[in-house]
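Each of the next two complexes has subunit A plus one more chain, namely subunit B in the first and subunit C in the second.
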Partner chain A sequence: MRKMLVWMIILAVAISAPVEAKLRIFACESEWGSLLTELAGDAVNVDVATTALQDVHIVEARPSLIAKMRKADLLVCSGAQLEIGWLPQLLRQAGNPRVSSGPGNFMAASQVTTLEKAASVDRSAGDVHPDGNPHVHLDPYRVLAIAKALSARLGELDAPNAATYRQRLGNFEPRWQAAIKRWEAKAAPLKGKAVVVHHSSWVYLLQWLGMHEIGSLEPKPGVPPTSSHLSSLIAVTSSGGAIAILSAAYQDSKPGLWLAERTGVPALILPFSVGGDAQASDLFGLYDSTIDKLLEALK
Partner chain B sequence: MSWEGFDLSILGPACLAGLIVLATHVPLGTRVLARGIIFIDLAIAQIAALGVILAQFLGMDEHGFGVQIAAASAALLGAALLSATDKRWPEYQEPLIGTLFVLAATGGLLLLANNPHGGEHLKDLLIGQILWVSPSQLWSAAIGSTALLGLMAWRAGKLVSLSFYAVFALAITISVQLIGVYLVFASLIVPALATVRMRGRCRLFVAYLIGVCGYVSGLVLSAILDLPSGAMIVWTLAGCGLLAQLLPVVRRLHSTHVSESEPGDLGGPAAD
Partner chain C sequence: MRPIPLALALSSILLMSAQAAESSTDPQIDALAERIRALEANAQELQKQAAEALAAAQAAQAELLQMKTAERDQAVATVSAEPANTTSANAFNPAIALVLKGLYVNHSRNPADYQRAGFPQVGEGGPSADGLQLGESEISLASNIDDKFYGQLTLALESEGGETHTGIEEAYIETTALPNGLTARAGRFFSNIGYLNNHHTHTDYFSDRPLAYQAFLGNQYGDDGVQLRWVAPTDTYLELGGEAFRGENAPASGAAHDGVGAQSFFVHAGGDVGLENSWLAGASVLHADALDGEDGFSGRSNLFVFDLTWKWARNGAFKDSGIVLRSEAFVDDRKGVVIDPLDPDAIAQAWDGKRRGAYIEGLYRFSRSWDIGYRYDKLWAASSGPYASVHDPQRHSVAATWHNSEFSLMRLQFARDQPQPYFSDNVLTLQYQMNLGAHGAHKF
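Our next item is the complex of A and B:
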C-alpha cells in the first residue's frame, strides 16, 4: 500500500502539466462557456463542467472536476444558488483561494437584477431561491449586461490581454444588438400568448417576449404534482388558450407529453442551454432555435 | 483519457473514507451474508433518512448535530424493530426488511410532499459522494468506526441479535453519509460474497484485500477515465471479487469447504 502511494505521488508529479500563461476558466454551464468563447476566444482556456442535457442542480463528483477547479483563475457560474447542491463542496475540496471569492469568482446572476426575488424565504413556497430566479441567460438584455461585466473582469484579471477582451466585446455587442432586433421582430406574433411550463425556468424568456405563464406542472418549484393539481392544470391548459407546454432538453419529457395528450396542446422541448439541440451550438443558435420552436407551436 | 484528476490530494481523502468504511463493513458483511439479510443496509439507511426528515418536520435545524442524533436514533429504533421481528418470525426476515425499506422511503416522500428543502438533506444522506468528504467528516467517521470495531472485538462471538443490529445500524448511519448507499452495499456484500466459502482470519484477510484493491483501482480508474468515482468503485470492487477467484488459496478452500457451505434459506419457512 505504501509503495503504491509512493508510486502514485511520483506519477502525479511527473504528469502535472507545465504552468500555462493563459487564463484558466471554470464555467459551470455551457451558456457561459459559449459567452467566454465570444469574449475571449483562444486567449483563455475554458473548461465547462456540465452540458445542456444535464440537470445543473445535480452533478456527480469526478476527480477531474476538482483538478480543474484547483487550476482555475476564474470561476463563471449562474449563481443565485442554482449550483448550491455541488459548487460549495467542489470549492471547499479544491481549496483554491483565487476562485472561492473576490475577482476570480464571477456569478452571472449577481451582475443583473433577478426576478422572483423572495422577500423572505418561506419553506411553504417551494424550492425558491432567496437570490431570485437563477436562469438569467434566457433574456438577451441581461446576457449583454453580463457580457460587459465579464469582459471587464477578464481584463482586470489578465491585464496584458485587456485590449483583446475589449476588442472582442466591441465585436460581440453590435452583433448581439442586431440579433436582438431580429429576434424581437420575428417573435412579435408570440406577444401576449400563454404557455404552461414544466419548471419555473422560463421567466426571463417569457418576460422578454411579452408572453405569460398560466400554469406549471410543478405546483411549487421542485415539488412533484398531486392529482388535484393535475386536474386543475388540465382545465387551465385547455381553457386558458396555452400555445405549448414547455420543457427543457434535460428534463423528463413524460409529464409534458402526459398533459399534451389530455389537452391537445403540444408539448415543446426547448434547448434551454447551448448544446440542447443541434441548432443551439452557440448563444445565437440557442435563441434562434428557441424562437423558431415557439413560432412553430403557433401554427 | 485524462491525467488531470490523478492527484493524491484529491484521491487520498476519498481513499481514506473507503478504508474507514471497509474496516467495519467487511466483518459485518460476512454476518449479513450468513444470515441472508442482504438488503438490511438499504432499509437501515432509509430509516435513518426518515429520522432526519421527521426531525426537520418537527422544526429542528437541518445542519446541526441534532440531525446526526436523529439519524442514529431512527436507525437504532429500526434495528430494534428488525431484531424483534428476527426473533419472532426469522423465516420472514428478508421480506419484512424489504417492506420496512419501502415504508421508510415512501414515508419520507409523504412527509416531504410540501417541503422540497427537506429533500436536499435526504439526498445528501443517501447519495453521499465519496470525493466530497471533508477532513472533519473523516475524523468523526474514524472515531465512530474505531469505537464500533472495539465493540465488535470485545463482544466477538456474543454479538447476536439486538447488539448485532445496533452495531450494524450505527455503522450504516456513519458510512452512508460518507460514501452513499451504492458503495455501502458493495463494500458490505462483495468482499463477503467473494470469500463465502473461506473461514476465519484467512477469509477476513482476503476480504479486506479485495476491498482495498477495489477502492484503490476504482479511484485510479475514475481519475484516468474521468468517470464518477462512486459508481466506478462499485464495478472495480466486483471485478476484484471475481479476480480473487483465481487465487489458489481461495480456490483450494472452495473445494475443501464446499460440502459444509451455509445451509441457506432453501428449506423455506420452518414448520411451527
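Our next item is the complex of A and C:
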C-alpha cells in the first residue's frame, strides 16, 4: 500500500510537468467561450463546459469537467452564484489552485454592477442569488465592460501574448459599439413593450431595450411552473398587453405554449446563450437573433 | 405748361373720385393687409425659432445620449474599488446547511425479527423502525479556512428510543492549494471507496442504502484518518488515491495496529460519450483488520468494490429528464476467526472465505419534478463456515420521488425484502427530505 502511494506521487510529478505553452481556459458558458474567441482567437485553448440547451444553474459536476478543470490556467464564468450548484464541487475535486482563486479565477458578474441585488435573501422567494441577477451577458454595455476586463486578465496571465489580446480587443470594441448602435436603432419599436418571462433571466436585456416584465411562468425563481400559477397568468398576460412569452432555448417550452394558446400572445423561444439557435453562432448572432425574434412578435 | 397741371388736377380728381367710390372698405383692407404682413413676419419668426429650438433640442439629445452612454459605461463597469457592502461580523461565518428527514415506514414483518441469512448486522445496516419517525437530521458547516485549507463539519442527530444521539459524521480539513491535482484530507470522513460510500445519503435515489452497503460497510464506511488523492492531467478523468484509517468501524474494528487498522486504495475514471452520455467507473479495495468485530469476526478482511455509473440525458440536461444506471459489486474476502457475539463462551471458528454482494439500480427522470427508480439487491452468502447459508438475501425496491425544488423532495418507496428463506418483508416507506440553508454542490 505504501509503495503504491509513493509510486503515485512520483507518477503525479512526472506527468504533470509543464506540457503546453498555450493558455488553457475553462469557460462555464458558451457566451464567454464566444467572447474568448473574439479576444484571444487561436492564442488560447478554450473548453466550454455547458451548451445553450443546458440549464447552467444545475449542471452536473461531470467527471469530464473535472478533467478539464484540472488542466485549466484560467476559469471564466458568470459568477454571482449562478454556478454554485456545480462549480465549487469541480474546483474541490480537480485540485487545481491556479483557478480556484486569484488571477486565474475570472467572474464576469464581478466586473460589472448587477441588478436585483436582494437586500435580504430567503429561499421562500425561490432560488435567488444574493449577489444579484447573474445573467449579465444580455446587456451589450456590460459585455463590453467584461470584455475589457477579460482582455486585461488574459494579458496579465499570458504576458508574451499581451499585445495580441490588446490588438484583438481594439478590433472587437468598435465592431461591438457599432453593433450596439444598430441593435438599438432596430429595437426602437420594442421600447415600452411588456413581456411574460419563463425565468428571471432577461432583466438585463429588458432594461437595455426599455421593455418590462409583467409576469413569470415560474411562481418563484427556480420553482417549476405549476398549473394553478399558469392559470393565474392568463388574465395578467392578456390585460397587460404582453407582446410575447419568453423562454430560453434550454427551458421546457410546454408552459409557455400552454399560456400562448389561452391568451393568443405568442410564445417565443430565444437563444439566451450562444448556440441557442442557428443564428446565435456567436455573441453578435445571439443579439441579432434575440432582437429579430422580439421584433417578429410585434407583427 | 398749363395743360399739364390741368391734366394732373383732372386725373387727381378722377382718381380721388374712384377712391371715393371704394372709400368705405379701404381702412379694413389696410388693416387686414397690415395684419397679414405682421402674421407672416410672425410666422417666419416662429419658424426660425422652431428651427433653432429643434436644433438645440437635437444637440441636447445628442449630448444627453453621450452622457447616458458614458454614465452607463461607468455604471456598468464596477471597479474593484467599490466599497465592500455592509461588512458585518458574520460575513466570514461558514456556510451552514441542514438536512431534515422524516419517515413513515410500514413493515409487514416485525423489524425486531429481522435477520439476514449469512450476514450478521453491523453498524447501521439494519431495517428502519416501524411507524412514524424522524430520520437522521444533519447539520453541516463548511468553509474555506484560509488560502490553503477547507474545513467541514457534519453532525448527525438521531433519536433512538427517546434518546437523542449526536454523532460526528464528518469533521475534516482538506488542502486547496496543493499543486498538480493533489489534494490531501485529514480528520473523520467517509472513505472514497465505491460510488455511494462518499455520497451523503441525502443524495440517494432511495430511502435506504443497498443491501451490500448494509452488510459489508454497516451502511457507509467512515472513520478517522488521512487521505491523499490525485487527479491526472488527462482528457479522461482519472483519479487515484489512498487512505489510512483508525479502523474503528465495520468492517474494521478495534483500531488494530496501534490505531491504523484500515487502509484503502481507489481509482476512479470517467468521461463523456457525445453530448448526452456520461460515465464514471471505479475500483477500490478496503483492507481492514478487525479485533472482536460486531459480527464476531477477528482477523483481516479485504473488501473489493467495483462501481459503474452511466447517465444519459437529452442535450445533457440531466435535471430536466434522463436516465441513470448504476451498479456496484462487492467481494468480501476474509481470513480469521469468528466467535458468536451473542454467546461469549462459544468456541472460535476459523473462517477463510468470500462473500459477495451487488446491486443494480435505474432511475428515470421524466421532468424536473418527478423521477422513478428501481433497484435490485442481492447478497451471496458463504456455503460453508460460521456464516454459511443456503439462502442468498435479495430485495426489490421501487421508488417515486417528487421534487418541489432543488431543496425539497417527497418519496414513496415500496420494497420486498427476503433476508431469509420463508421470510418476506414488504416495506412501504413515505419520506420527506428538506435541505435548508447553503446547499453545497453535489458530486456526479
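Everything below uses one rule, namely that the second predicted complex is superposed on the first by the 274 of 299 C-alpha atoms of A that agree within 3 Å, B and C clash if a C-alpha of one lies under 4 Å from a C-alpha of the other, contacts with A are read in each partner's own complex, and residues count from 1 in each chain.
We adopt the following convention: a residue touches a chain if its C-beta (ideal position, glycine included) is under 8 Å from a C-beta of that chain, and two chains touch if they have at least 3 such contacts.
Treat the numbers as computed from the prediction; the structure is a model and nothing was measured.
Of the two partner chains placed by superposition, only subunit C is touched by A:Tyr250; subunit B is not. Once chain A of one complex is fitted onto chain A of the other, the partner contacts of A:Leu87 are limited to subunit C, with no touch recorded for subunit B. When the two complexes are overlaid on their common chain A, residue A:Ala159 makes contact with neither subunit B nor subunit C. Shared-chain residue A:Arg62: touches subunit B and subunit C both. Of the two partner chains, subunit C is the only one touched by A:Asn96; subunit B is not. By the document's definition of touching, both partners, subunit B and subunit C, reach A:Val223. By the touch criterion defined above, A:Ala21 reaches neither subunit B nor subunit C. Of the two partners subunit B and subunit C, it is C that touches the larger number of subunit A residues. In the superposition on the C-alpha atoms of chain A, the part of subunit A touched by subunit B in one complex and by subunit C in the other spans residues 1, 4-5, 8-9, 12, 15-16, 60-64, 66-67, 70, 85, 89-90, 92-93, 123, 126-127, 222-223.
Within the complex, the subunit B residues that touch subunit A are 2-8, 10-11, 113-117, 119-120, 123, 129-132, 134, 212, 216, 219-220, 222-223, 226-231.
The residues of subunit A lying in touch with subunit B in their complex are 1, 4-5, 8-9, 11-12, 15-16, 60-68, 70, 85, 89-90, 92-93, 123-124, 126-127, 220-223, 226. By the touch criterion stated above, subunit C contacts subunit A in their complex at residues 69, 72-73, 75-78, 80, 147, 150, 174, 176-183, 228-242, 263, 265, 268-272, 275, 278-280, 287, 311, 315-320, 367-369, 404-407, 436, 439-444. The touching residues of subunit A, counted against subunit C in their complex, run 1, 4-5, 8-9, 12-13, 15-16, 19, 51, 53-55, 58, 60-64, 66-67, 70-71, 84-90, 92-97, 100-101, 110-113, 123, 126-127, 139, 141-142, 144-145, 148-149, 222-224, 250, 252.
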